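Below: the structure, in structure tokens.
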Amino acid sequence: MPEGKELYMLMLRRMMLIRKFDETVKDLVQSAELVGMAHCYIGEEAVAVGACTALRDEDYITGNHRSHGHPISKGGDVRRAMAELLGKATGYCKGKGGSMHLADFDIGILGESGIVASALPVAVGAAMGSKMQNTDRVVISFFGDGASNQGACHEAMNLASIWKLPVIFLCENNQYAVTTSFKETVSTENVSDRATAYNMPGVLVDGQDVMAMHEATVHAVQRARAGEGPTLLEAKTYRYEDHSEGLNRILREPYRTEEEIEFWRQRDPIDIHSKWLLENDVASQEEIDKVQNDVYEAIGDALQFARESPYPDEADLFTDLFADPIPLR
Amino acid sequence: MGEITYSDALNHALKEEMRRDEKVFLMGESIRGGIYGVTGGLSQEFDKRVIDTPLSENGFMGAAVGAAAVGMRPIVQSLASFAWVAMDQLVSQAAKMRFMFGGQVNLPIVYRWGLLYGNNIAAHHADRPYPMFMNMPGLKIAIPSTPADAKGLLKTAIRDNDPVMFFEDNNLAGSRGEVSEDPEICIPFGKAEVKREGADVTVVTIAGTLRPALAVADELESDGISVEVIDPRTIVPLDTKTILDSVEKTGRLVVVDPAHRSCSVASEISSIVSQEGFWSLQAPIQRVTSLDCHFPFSPALEHLVYPNEDKIADAINLTLE
Amino acid sequence: MPEGKELYMLMLRRMMLIRKFDETVKDLVQSAELVGMAHCYIGEEAVAVGACTALRDEDYITGNHRSHGHPISKGGDVRRAMAELLGKATGYCKGKGGSMHLADFDIGILGESGIVASALPVAVGAAMGSKMQNTDRVVISFFGDGASNQGACHEAMNLASIWKLPVIFLCENNQYAVTTSFKETVSTENVSDRATAYNMPGVLVDGQDVMAMHEATVHAVQRARAGEGPTLLEAKTYRYEDHSEGLNRILREPYRTEEEIEFWRQRDPIDIHSKWLLENDVASQEEIDKVQNDVYEAIGDALQFARESPYPDEADLFTDLFADPIPLR
Amino acid sequence: MGEITYSDALNHALKEEMRRDEKVFLMGESIRGGIYGVTGGLSQEFDKRVIDTPLSENGFMGAAVGAAAVGMRPIVQSLASFAWVAMDQLVSQAAKMRFMFGGQVNLPIVYRWGLLYGNNIAAHHADRPYPMFMNMPGLKIAIPSTPADAKGLLKTAIRDNDPVMFFEDNNLAGSRGEVSEDPEICIPFGKAEVKREGADVTVVTIAGTLRPALAVADELESDGISVEVIDPRTIVPLDTKTILDSVEKTGRLVVVDPAHRSCSVASEISSIVSQEGFWSLQAPIQRVTSLDCHFPFSPALEHLVYPNEDKIADAINLTLE
């Protein structure tokens, strides 16, 4: 696992990759080249990047509908991700999943779930498997403030706690579920306050600060690997974009103020980290710009790859439903 | 009378019924902002009777049962794919409570389920679970396919004293049609509508498949094939008589249902007709359904799963062979 | 609502009614006169009785599979309850519900649910309805320690809290779910510790002491009526019997010790309350004996009523499914 | 070979497969004590591989998916009526995951569901949801009706690399039959068994209805009516060929299914045969199912809902009219 400068630059790179990836997604939705639904992670990059850089390749993550940041943070391939979004055969899921369902089992990305909170029990199961097989692999399960009100969340956290499983429940509290403020739906002040109900540590982290996210996750990972059980991390963060691309067009009333959005834009995770790199003499502006340029190129390349990739074939429809296939009706 | 959209027709039904009866209220996720179209403007007029909920479908769909049990008339809004997380309250409470308690309680609840499919929405958002609910006693099920049916059936659902599963086909959201402005016009449950008369083949359609079926019927007309198209509108209760009468006339039946094939409404209607209309049938009944395969995201694949005009035309032709 | 001696004697009477009712149920199961499943409340009587005597007739309760104590505590008719258990037409549900599904909507008994934790959301809805109709009716929802691990429990508590609904969540912690100790399934020491996760008071009560149960419930009811929202009460209690009648016969290994059972028998709620009545000169032994005799008579009468009642008719099958009926297929 | 009970047959299958493959483990509520019969003795031999869970079905049934995704082979035990609370994990994860992720992952999970009904257990415990799961792609479904099938199908289910819904009819728990002791005998999915040969009418039975159907067949024999009885054993995959071949021979079909009527497996089989076997049919297909009504508790009412010998005999006679 990278350390020191290598780590810090990797954080920068991955945050920038996500940003550029999702800005491209925005454009593609606007031009109708990308069909279906897409939920951008812009503004929240530090959360997944800080967390996933605390993991080994063989560790696991599960994610949700806001779905591009998690796999990219875990080292996912932006080409295959972009191809998936365009429904191409070269995509992560051969075009069968689309934006909300990226997965790369080879590097522990156990997949994103479009059903809110539905991946949490799966994450618990992966941790069970890890423990039963005597590996020390840990699992991070990403979920939103909205998801925290689902029953699945309760059951998953309790199971993980009583069985002391190596799971980190990482709540990305971007403060809204679609248009509904978490203050109106979560009965405690913070989602992490609920950790006491499961006898696990609950840690509130600044989700705009990739270094803080990383550090908090490192602790939780240590705890998990040591067999001490799960942790609930809550990252306070913000999404700049609509809940999903294009949704605001049909919104009758704004649900958040321009000031609020602006406040959070001032706390941009990439800016904060860039500044930190500069102020601590970790990297020069040129180095940062170079990462930026590399990332632009990588995403440009990914888009080209996706565009040039073939669509799946009719015959592909009839595969992948079962491992031991049966005739389809 | 005027042409309005399917969405607006639903909106009007809600508005009229909420004005008529103050026990009617609405619950759902982010519905006050009207993000999903239909509820736009309602929070302004009815304020506290339009409730934004947390993401706790099992919780609030069960709360609807409790509220109904003590005299309210809740309407709950969600997407069909989110029924899975709430299944226990829908089945164990909404569907079973009245019978189990010997008829002590009425449960006037409408669960409004958006049906998304055919729009590259992928497997997690594309469910069409109405055949499953049809296998569960205690639930009435309506699936309107035109603006007029949408309004008239929703009004009936709201006034009905039993839990109603009301499926709204989002593919029809922007489709337009004549809709009466008379607030007393309700469409009774259990009355199919012959959407197009014909003599040679009966086509029964569910939800959004009415439109491609009508298009095919128009096309085949020029080949001299006369297709009768029937929309049952409610599948519980199911108007078997209208369907059987039609098959008696035509001797041929195609059932089109966007649900997966096995144990679909198409299967049910087919098995009813093959039993009760056996002696009228001059050819095997054909089912046109979604394949028993999840909806793939890719635009290159999705349409292969779903019933479409070609498949409907082929099925009709098969019955005429 | 009764007070003073009238209340204390009512408590005694209802506890004795439940005890005798369920002892009769035991016999009926043994002799196979009662078919299906039956879960006895023996040993836990103080919980429901202490709680329900803090309610008005028009208040609501919901219950679970351990299902005879709740309705009797709320003033339910033992004749109609017993008739229901025998599947008779005169039963509460015309024989359609049976042991696990008693209800009496006329006096706020909104029914027992055989599916664990499934009645909690219903209770929340009744409280919503109460509030929307501007009544001050409150709801008590009874559930077990096992039920506390269901997602429905989480969702119900959070909804009640954010909407400040008049619900009391009353956990009957009899320490086991079938054969599984709550210590192995609940991640906190007490179920009531979870109240903080919903920003509501969590109160641990001695479930063998009907006076303590009553007092704790009175407080929670006051809070609820005042619009201050829900409370989580946890009654530590114990069931003397099998999880359901006859289950131990097929049990391979005992899951609790004779000593433990004996310990709790020494804390019998009826004994404790009788002693209290005597020691505080509230009632004489004769008065207590008289209640006992009355109760024996009432249950004897209920059993006779149930036995002599007719079974439902074939035609009854086709009623009650819908209020606005449709042809049955 | 020896006569053992249906429950013991299941127990043997579990034991043999757990010995064979240490990735196989068991989860469920209070299963270590063996209270539900089948798991007795397993916790002694396999200790940590037999896990008592909290009452969190959605949680642990989803955990099974996660464990399977990383290489384990979980077996989950529950009752069919408790599927509702876990529906999201069963549908959104177990059934959809493999397809949605383009085949990246195998999910070798067996969900064992006890079917209770016909024992005055009332509506909350009497569900028979297999037709609903049949409407959901991605799940294989087995429903054994004899001890030999129970053992052989469960072994196949455990070795299969896909999620299998395995329904165990508790009415059969104590029924006895010959069962091979050879640990390598597995019964393939998708192969119906002709349980009794006959020439006049084909009766297809699901789950516990095999026994009353065989009894009726024996009785009708003396009236000179020869009944063929077929158990599909798995409904996904469904062996339509064996059924169609039989109907080709007999020209008559009765399908018996303890599920509620609408959208039942009986409906599905009926609609398949009425389409593909149309020209063989000499009489309308009859369905004998549970009514579309919940199971009432009362001993005076419950049996009215359920298929029984009389209803099966009547249906057979109808096809012969």
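Order of writing sets the chain letters: A, B, C and D. Residues in each chain are counted from 1.
By definition in this document, contacts are C-beta pairs under 8 Å (C-beta built on N, C-alpha and C of every residue); 3 or more make two chains touch, one makes a residue touch a chain.
Chain-to-protein mapping (UniProt): A, C = Dehydrogenase E1 component domain-containing protein; B, D = Transketolase-like pyrimidine-binding domain-containing protein.
Computed from a predicted structure; not experimentally measured.
When you check each chain against chain A and chain D, which touch both of them?
The shared contacts of chain A and chain D, listed by label, come to B, C.
Please report the smallest number of touch steps linking chain B to chain D.
Between chain B and chain D, the shortest chain-hopping route counts 1.
With chain centres set to the mean of the C-alpha atoms, which chain is at the far end from chain D?
The chain farthest from chain D, judged by C-alpha centres, is A.
Return the distance between the CA-based centres of chain A and chain C, expressed in whole Å.
Their C-alpha centroids are separated by 45 Å.
Round to the nearest whole Å and give the separation of the Cα centres of chain A and chain B.
Here the centre of chain B sits 36 Å away from the centre of chain A.
Please tell me the distance, in whole Å, between the geometric centres of chain B and chain C computed from their C-alpha atoms.
40
Where in chain B do residues touch two or more other chains at once?
Within chain B, residues 53-54, 56, 58-59, 81, 84-85, 88, 92, 99-100, 122-124, 137-138, 236, 262, 291-294, 296 contact more than one other chain.
Quick one: which residues in chain C touch 2 or more of the other chains?
93-97, 101, 113-115, 118, 149-152, 155, 158, 162, 184-186, 321
Make each chain a node and each touching pair an edge, then name the shape: line, ring, star, complete, other.
Graph shape, chains as nodes and touching pairs as edges: complete.
Would you pull the chain D residues touching chain A in the complex into a rising list?
Residues in contact with chain A: 25, 48, 53-54, 56, 58-72, 74, 88-89, 92-93, 97-108, 137-138, 140, 160-162, 189-190, 236-237.
Which bits of chain C are touching chain D when the two form their complex?
Those in contact with chain D are residues 35-37, 84, 87-88, 93-101, 113-118, 146-147, 149-152, 177-180, 184-186, 247, 250-253, 255, 311-314, 316-318, 321, 328-329.
Which residues of chain A touch chain D in the complex?
Result: residues 60, 62, 91-97, 101, 103-105, 110-111, 113-115, 118-130, 132-133, 137, 139, 151-152, 155-156, 158-159, 162, 319-324, 326-327 of chain A touch chain D.
Contact residues on chain C for chain A in the complex?
Within the complex, chain C contacts chain A at residues 149-155, 157-158, 161-162, 184-188, 193-194, 196-200.
Provide the residue numbers of chain D that touch chain B in the complex, in ascending order.
81, 84-85, 87-88, 90-92, 95-96, 99-100, 122-124, 127, 129, 131-132, 134-138, 236, 238, 259-260, 262-268, 270-271, 274-276, 278-279, 281, 283-287, 291-294, 296
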